[in-house]
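Structures for review follow.
First subunit A sits with subunit B, and in the next complex the same chain sits with subunit C.
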Partner chain A sequence: MTNTQVPAVRPRAATPAADVSRPSPLRTRGTRLLAALFLAPTVVGIVVFTVVPIVGSVVLSLFHWNVIDSPSFAGMANYREVFTDATVRVSFLNTLVFMVFAVAAQLLIALALALTLNGRMPGWLRSVFRSAFFFPLVLSAASISVVMKYLFNQDFGVVNWLIGLVGISPVPWLTSEHAALATVIIVYVWQQFGFSFLLFIGGLNNIPKEVHEAASLDGATGLRKHLHVTLPLLSPTLLVATVVGVINALQVFEQPYVLTNGGPGDSTRTVVMVIYETAFEQLRFGEASAVGVLLFVLIMAVTALQFRLSRRFVHYQ
Partner chain B sequence: MSQATLSLSRARYSLGPWARITALAVCALLTLGPVIWTVSTSLRTPAQSFDLPPKIIPTHPTAEAYRGVFSQIDVWLLALNSTLVTALIAVGQMITAGLAGYAFARLEFRFKKPLFGLVLATMMVPLQVTIVPVFLVLKSMGLTDTLLGLIIPAFPTAFGTFLMRQYFLGMPRDLGEAAMLDGAGPWRIFRSVYAPLATPGLAIVGVLAFNYHWNEFFRPLILETSGQNYTLPLGLVSLQGNLGTGSISVVLAGVVLSMIPAVAVFAVGQRPLREGITSAGVNR
Partner chain C sequence: MTDSHLARRTLLRYGAYGAGAAALAGTAASWDRLTGADIPGRDDGSLVVATLGPAYGPEAIRTLTEGFRKVHPGIKLRINAVQAVDWSDFFAKILTQIAAGTAPDLVYVATEGVQLFAQRLGVPLDRWVKRDSAELKEYFADVHPSLVESMMYEGHLYQLPVEFNAADMYLNRQVLRRAGADFPAPDWNRDDFTALLRAMKKSSGSQFTPYFWTNRLWGGVVPWLFAGGTNLLSESKAPGGSWLWDSFYPAAEREGRGGGFRWTTPQATDGRVEETYDYLASLIQEGLCTRPEGGNGQNLVGVFSTGRVGVTPAGGFWAGGLHLAGMQASGFDVQYFPRWRTQRHQFGAAGYALLRTSKKQDEAWEFIKYAARRDTLMRLFDTNQTTPARRSMLTAARYAESGPKHWPVFYDTLDKFPDTGPIPAPPQVAEVTEVLLKYTGTALASPRSVRPALRRMQGDLEKAMERDV
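So, the complex of A and B:
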């Protein structure tokens, strides 16, 4: 208690301008103890359940292990096996195709809706629409996929009945190798576009009104105004939406697991499904870890690439 | 003057307001359509649930499907498990994130920067990538196939910590300094000055945690092997598997029941939920 008096004088000596690095009045032994106590749950938890598992994944990927027998060193054998395995390869391909189309669709739909909603309309109507578009986000991806499985059923699904009204013959949404991945993408985008939509709404609100007014006075209108004024100003938000959208899409699991269980054939099998099946159905923990490490590397690489490319396209005010 | 020019250009070039509102209404209907269908079909008898065209307002609403779902799976047990897991994680995350966020924002100690860097870096690590070692860690602790195995690893939250740090940084420093001049120690300053101001930030952390973990499927699927530890999404997916396509309305009744708390949070906590999602959304 007594030594709190001493540092209390210090901030008065420091100039307020040097704010960030100025010695805080709270630099005492009691403070350090408090900090240790406050940080312990988070730091210990993160070390045990994230840092150790990352290292563990890399180590495990170098071993053959089925949990029952003791692990045996495998070197790069798991990686060689995984690289030549047809199912693993197709799962990476599926996941990449899924990512490209799902993220593109999600961003385009969200952007179009956000821009449309940004026009003039009564405030209550705006909040009704906003709530509607983000509602699917609060539902469980697994349960909603159960619902979608019925809606997209070839024989009694509502979707085929609806398109039948305009004379389109029934589509085997979930049972044909050509259509299944597209259906998984539709279901995923239906649930996820609200996330990018909310980001865009926030981003649009941050654009100062004067910018639009100035652009309008200069004769920019409609699409042209959006293309040359709104989009560049929105580009930091676009970057965040793309990066997070890509990271999430690369981890897709619930929708293909419930809708198609990876089929027909391997046409909707994703990387995370392969991790799940290899580890927890086939008990090949080494191979599953190798796939996990590869997915992690892929996610990091794609994210780094986006930030690199963004330097050319993103415009900070 | 500029107002006039503005409205003139709008009227001439942008989509008319009615066209815009109609387009948005159609999109909103497409978005909510599956949910509306789910609710209305759950109120029909299993035999009628295949009827096309689907009737939005059921002609003879019946709770038969709801009775069916209660007799076929132990809804109460699933709901209890889901509630326990979700509530404990939400409270736990508010505590861990509140404390760590405050330490990073307002306390001085060694290794602050590298520790915060570590927390931030783990935000990038997807759960799916580390699930195998996480499973083995939990197995060595004897926590697989227990609810605690779902709860404890979810306590630390990198995103929540980041969010609470930002929140505490936004509070004026003078408050704490004034309290200190009055003789308050570091704990008192936290407890009496800053913590009471943190409620809106903690609400964001709590609502996000609720939304995410109530709907969570991947971890329960891997960790919980016996039916008595299933959570609602897991129970519903297995119910659907058991029934095949036999009685849609029973499965949908289960889906509707499991949606109720999520919808309630959506209705009450939409603002913190929106803020949480937009402030990073990395949590999903």
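So, the complex of A and C:
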């Protein structure tokens, strides 16, 4: 079988000695100015719309502010409040559980469908499937959730009507503490897997046919070929899909907000829902910012962990 | 040598950059805070009135602006219809506008937000009401004192109510016929109600739920708490208000009135509250009503009008809603909420609150008066999308096309049951509502869940009420 084991980190190309003596075009004053000019809109955009709000949130988390009165310095009081708040703790737990199951399901479904579509199939049919799988992603999460709320209604929903035809009793999809989170995950995955699917399709197309042919010549077939050839070569794409999926899942809001409003009890309340409710319904912007900062730290930590682990599992060609 | 020379030059250059940045930051800091109102064209000198978008369509907005312009040609008016899913969402958006420095002058506020706005943002209307008392006599004579009292806070009046909705009981006539049941009497009680639900269930298929309710502050558990002779928070009345009652209402009607409601101590673990939840849990267990999370107002019209629901609590607003959905006037009817220990009903009212930040307070008062006029409300509420606060507007002609047959129930609720009161909405209303909705879901998961959930609800309500808004 073809050995696909490649170094985890791509070695840097050695700089030719001749280049050192010759000044790079980028080092001339005019070119640098031009480069700065091209970069400026992006840099300004990132600073204004990303850096400033992040810094602003961190600062606001140290203040009490209710929008109406002037902010007053609170030190770490908001963080103390947040750490002792049972709802915040539950929301972090819910979000982590949601993230694990939603991302796993999203990646598995997307990968399975991408591999299926990558096999022998008429071109037009492949296009139909690709569009169909990607379509939910371009729809608004809120409007999808409204429709899904009707479909999964315990008393009047189509889903229970359909399963009732085969003799199954109505399932409390959105009204049971155990089923509600699962239903939110189902709706989320249904909408989101199209993104990972598209990445996998692109990744699969980039795998040279020769590698598969060589593997076939070595006697690899079916699942074995996918496990030892396709997956290692798809691992950079898998990393991107996982990182993006995890970041998105940790920020989930629309689906649980519309489908269950966090209930029953707190069983589907997520961190971003708590941020929204604390800030815009209870007018405790400082505490909401503290929760936001904690979520930011969590996302950074999980992403860093993924990149660290990726050194062992991701293979670049 | 060369290296150190270069480093010094670099150091000087970065020093210059730093000084420039500091100068820029200093200049920016010395400016007054920029707000949304500084955006050119944003503040055109108009009197800005924020309304809940879905409640006021384009036609209503045109009616308000054009009518007001005729009466006050010198006042420029802009209606800002804020799109929101409910009152809580609406208030959040208004507060965001205030934070952005683009606060409206007037905000359409329902009972849910009356005390929040009164405590932190509102201006009492007392001085204008006293000044224009002669002009307002006709208004107060036409509006029930309970509605006016619900707009008072600590002895001051903050809004003139223009609409209200009491939680009465709507019944589907087709479902009643199917069950072989008569239309209930005005003094029906909780046992009659339960028996009716059982009869409806027995005579209908699996895709039918006799009683549909929505888990929210208005029309959810609270009407049952009222009927059970209790409330979520202990209720009392603030002193004061006699300046208004003595001026506008006869002795019989001002008896027992005060300066507005006070909701202070949570009482979720009160025996009567537990009993109310036990009753609702038993209805759910028996399959006679929807679970709290299952019911939402969005699909209610559809399931009621197609006979998949028999009974639901709603106010006068539903007459217009069902008519618009194509339901015949003979297809439904309305009755009072059933009696349990009491037959006290709950209601919510709405009117315009004047914000402290407004620089056009006198003009705003003129709009408040204009919006409460009978002719204005006649044009505004011509589709029965709510119950007008003015008694004289509720006529047979108004309900001839839309129904229901027993339309006098809407206003008579206030007369027949004088203890009928507003939903409990202290200034901490957002958190109170959130706690109520959350633990109502948990409490009604099973009959055994009621007590533990109410204990936790009590704890969270106590925390919420301790917080300063």
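Definition applied: the second predicted complex is superposed on the first by the 269 of 317 C-alpha atoms of A that agree within 3 Å, B and C clash if a C-alpha of one lies under 4 Å from a C-alpha of the other, contacts with A are read in each partner's own complex, and residues count from 1 in each chain.
The rule we apply is simple: a residue touches a chain if its C-beta (ideal position, glycine included) is under 8 Å from a C-beta of that chain, and two chains touch if they have at least 3 such contacts.
Values in this document were obtained by computation on a predicted structure and should not be read as measured data.
Engineer: According to the stated criteria, A:161 is in contact with first (subunit B), second (subunit C), both, or neither; which is it?
Structural biologist: In the superposition, A:161 contacts both subunit B and subunit C.
Engineer: Per the contact definition in the header, classify A:299: touching subunit B only (first), subunit C only (second), both, or neither.
Structural biologist: first
Engineer: First (subunit B), second (subunit C), both or neither: which does A:182 touch?
Structural biologist: It touches nothing on subunit B or subunit C.
Engineer: Can you tell me whether subunit B or subunit C touches more residues on subunit A?
Structural biologist: Touching more residues of subunit A than the other partner does is B.
Engineer: Is A:136 contacted by the first partner subunit B, the second partner subunit C, both or neither?
Structural biologist: The answer is first: A:136 touches subunit B but not subunit C.
Engineer: Contacts for A:174 in the overlay, against subunit B (first) and subunit C (second): which applies, first, second, both or neither?
Structural biologist: The answer is second: A:174 touches subunit C but not subunit B.
Engineer: Which partner does A:282 reach: the first (subunit B), the second (subunit C), both, or neither?
Structural biologist: second
Engineer: Could you look at A:56 and tell me whether it touches subunit B, subunit C, both or neither (first, second, both, neither)?
Structural biologist: The answer is first: A:56 touches subunit B but not subunit C.
Engineer: Figure out whether A:149 sits in contact with subunit B (first) or subunit C (second), or with both, or with neither.
Structural biologist: A:149: touches subunit B and subunit C.
Engineer: Touching subunit B in one complex and subunit C in the other: list those residues of subunit A.
Structural biologist: 146, 149-150, 153, 156, 161, 280
Engineer: Can you check the complex and tell me which residues of subunit B touch subunit A?
Structural biologist: It is residues 2, 5-6, 9-10, 12-15, 17, 20-21, 23-25, 27-28, 31-32, 34-35, 37-38, 50, 52-54, 95-97, 99-100, 102-104, 106-110, 115, 118-119, 122, 124-137, 152-153, 155-158, 161, 176-177, 180-181, 183, 185-187, 189-190, 211, 214-218, 221-222, 232-234, 236-237, 240, 245, 248, 251-252, 255, 258-259, 262-263, 265-266, 270, 273-274, 277-278, 280-282, 284 of subunit B that touch subunit A.
Engineer: In the complex of these two chains, what residues of subunit A are touching subunit C?
Structural biologist: 66-68, 146, 149-150, 153-156, 161, 164, 172, 174-177, 180, 260-266, 277, 280-283
Engineer: Of all residues in subunit A, which touch subunit B in the complex?
Structural biologist: Answer in residue numbers: 1, 4, 8, 11, 23-28, 30-32, 34-39, 41-46, 48-54, 56-57, 60, 113, 116-117, 119-121, 125, 128-129, 131-144, 146-151, 153, 156, 158, 161, 190, 194-195, 198-199, 201-202, 213, 216-217, 221-222, 244, 247-248, 250-251, 253-254, 258, 272, 275-276, 279-280, 285, 288-289, 292-293, 295-296, 299-300, 303.
Engineer: Hey, which residues of subunit C end up touching subunit A in the complex?
Structural biologist: 88, 92, 95-96, 98-99, 120-121, 206-207, 209, 290-294, 296, 298-299, 303, 308, 430-431, 434, 437-439, 441-442, 445, 453, 467, 469
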